[in-house]
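Going in written order, the chains are labelled A, B and C, and every chain counts its residues from 1.
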């Protein structure tokens, strides 16, 4: 189980994240939501060890993550950042092969090849395995990067806005794949997400941040609530449940309902 | 399926093409080397050929250094424009040599010996590397063109200081100060060559161990970190190795300015990959070919009425300008 | 993004004076400019005195007063021409920097970072080798032609670039200049005049003596014209579209600006050599404090250019006394250092 204890991050006098503590339930999808500048990405970057915390700890089980060798950490926690850099010419399979780097440092074993194939098949990317990354669409590219993190075979996946700039079809594909990762393989998925509807329909658990502090957290059922969301986003919400899930409607706020 | 099959065969072809290209280059290098060694030598094995052999060795080691340092540096800073030469490494080395000459004099410099000078210079280059990393490359989101501008202006300013120091050394003969700052393959003596060979071998052995990590770094620092690469340590190690390579190349053949960019970008195009297993050998071969061609041109076509540096500046400068203009600032 | 950023900053700066919190602010700024101009003028006069005194031979003022021929000769034949050349060069370079910056809408452009200086060098070199009988004026005309042509090419290149990153524009200019320099070197080496070329193109006032420098006076009318047109150049700096909608003949103004710059550059290169960065740092420092309204700031820019170059010259003459460091070196080092500081400062905002 991954958790954070009293985690803070300052840039000079500016506090981006203050004394955040949270246990992320294992084997479930946790969505980190909140308005811009709430510290969501910072939290994720701290957990990925891409930033050094100013205070507090990230715990993996009982162990302090910062004390763990980076290579060992990469066998437990995989991270996918928004808009990965793209000035190299790689094929999809070559990219996914990098997911095995923590284990084999680039010289792939039979096992590695199997994991790579599994990851590609899991996201139905096999037909594209030899396509170059700059020749496929943005959605397919994002899937390829996701396949790389899946091939990393970690118990925890951290994703920073995986749906950014994707069309609806690819967004749904990615969220469904994440769901299956939890349900079929028991992985813990933690993602920062802007679309509150995707969060409400696909995740088990919600962590809401605002101004660097935890506003609320809990099961999706308890937290997708009109008044909680109204306070979080300072927008008027109407939540409509139907047989396929729920819709959080904030598009046309009633006059006078929020400030 | 058809699409993927096509891609599959493309891929296979590109691998075969790589081997073909590399072998062609190697044959070319052997042929050019033989011309350089033998053309018009009268097969004089006592004087001319050993002399030329030293020059050839300098060319080979120098090109190795330029290619390796440029390609690795571009991986570290994650772009295809910056090279150590542009970020002022060579200028710092030359200024340091001038300063040494000023403080110690010709006599003191001789006392220091080739080895002493080599190691002191190396230490200084390491310090510069370290400063560069702390000051410029450590920023969260460095603006490429800003770094490039800083590098260009820094090189200009440092060269100005070097000229000033040289002026102090011999104020009367200011116009004749340029000896140090031109690429030439004739300056290397046997001692320097020996130290260079040892240093480059060492660098290659250490560097070879971490090639896979370099490949991961082409995905960007953050992604490499989450794949378990200790990027900070890797940067530090490779910047140190680059400092060694640049001091070797500058002491052997002088400043090379934009050659590194030229070599690196042609390498990426020819090897159709950013895998260092492929790019580094290809880069070395390309650099050697270029230097050999330039040297042969100077010797046999221009009859020493131009220099390798001038040729390099002309061709590589034009290429660099074209590269920037053609990509229209999207690099 | 950078271009727009620059634009916004400029607009903000302009606003503070033109409309903004109206009269008081504008008057404040004018008063401040007047005050700094006065102070700079005093300083400049002081430095002029120092400059006249300096040299391998000391001039005894007593000799002058009794009309010693030798002392007067030294003063009029060597020291005064040198002083005049320095002041005019400084003014000319700073002013042409301003014009170029308005034209390209980039604060890091000047003759040295747009290929102008190198083109003039190449022109002189070709005049020297191909038409040795041309004389100073002939050389200057060829340098002028080269400078103008390369500036046009440079502007054409810059207009092709879509993403006008503030730092990309001078990078291209420096590369372009480097390429022209490489051509010059290639050429010079063929004619075996490499060493002398590096010598005489470095920027050196020690060779300025009576009868050799008078062409520099051409800078005076250029500065006058620039001042008359200052307002148009400011409008041009707001971009082609804005300029046109304000009724400015953009092409005419731009052509005129380029002409003024090309004349200044060729005149300075031919009479004293290439001096980098003066045209860049002075306008930037002035704009940083007093904004971009050229009508107000042009005198300050001109004074600043003269002051910087004079200071560099005095430093160069004192450093290795009684020898002297060519001003190309001192100005290059000091100007370059300020330039670096300006770039580094850029990202703290």
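One rule holds in what follows: contacts are C-beta pairs under 8 Å (C-beta built on N, C-alpha and C of every residue); 3 or more make two chains touch, one makes a residue touch a chain.
Remember, it's a predicted structure, so these values are computed and weren't measured experimentally.
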In the chain contact graph, what is the shortest path length, in steps, from subunit A to subunit C?
-> 2
Tell me, please, which chain's centre (mean of its C-alpha atoms) is farthest from the centre of subunit A?
-> C
Which chain is in the middle, if each chain's centre is the mean of its C-alpha atoms?
-> B
Report which of A-B and B-C is connected by more C-beta pairs in contact.
-> B-C
State, to the nearest whole Å, the distance from the C-alpha centre of subunit A to the C-alpha centre of subunit C.
-> 55
Where the centres are mean C-alpha positions, what is the separation of subunit A from subunit B, in Å?
-> 41
Which integer distance in Å separates the CA centroid of subunit B from that of subunit C?
-> 35
List of subunit A residues in touch with subunit B within their complex = 48-50, 70-75, 77-81, 84-85, 87-91, 95, 98-99, 101-102, 105-107, 127-132, 149, 152, 158
Residue set of subunit C touching subunit B in the complex reads 108, 157, 160-165, 167-168, 170-172, 174-176, 178-179, 181-183, 185-186, 189-190, 195-196, 198-199, 276, 320, 323, 325-326, 329, 332-333, 336-337, 339-340, 343-344, 346-347
Tell me, which parts of subunit B touch subunit A in their complex?
-> 1, 3-4, 7-8, 10-11, 78-80, 211-213, 215-216, 218-220, 222-223, 225-230, 268, 272-274, 331
Of subunit B, residues touching subunit C in the complex = 143, 145-146, 148-150, 152-154, 156-157, 160-161, 163-164, 167-168, 171-172, 174-176, 178, 305-307, 310-311, 313-314, 317-318, 320-321, 324-325, 328-330
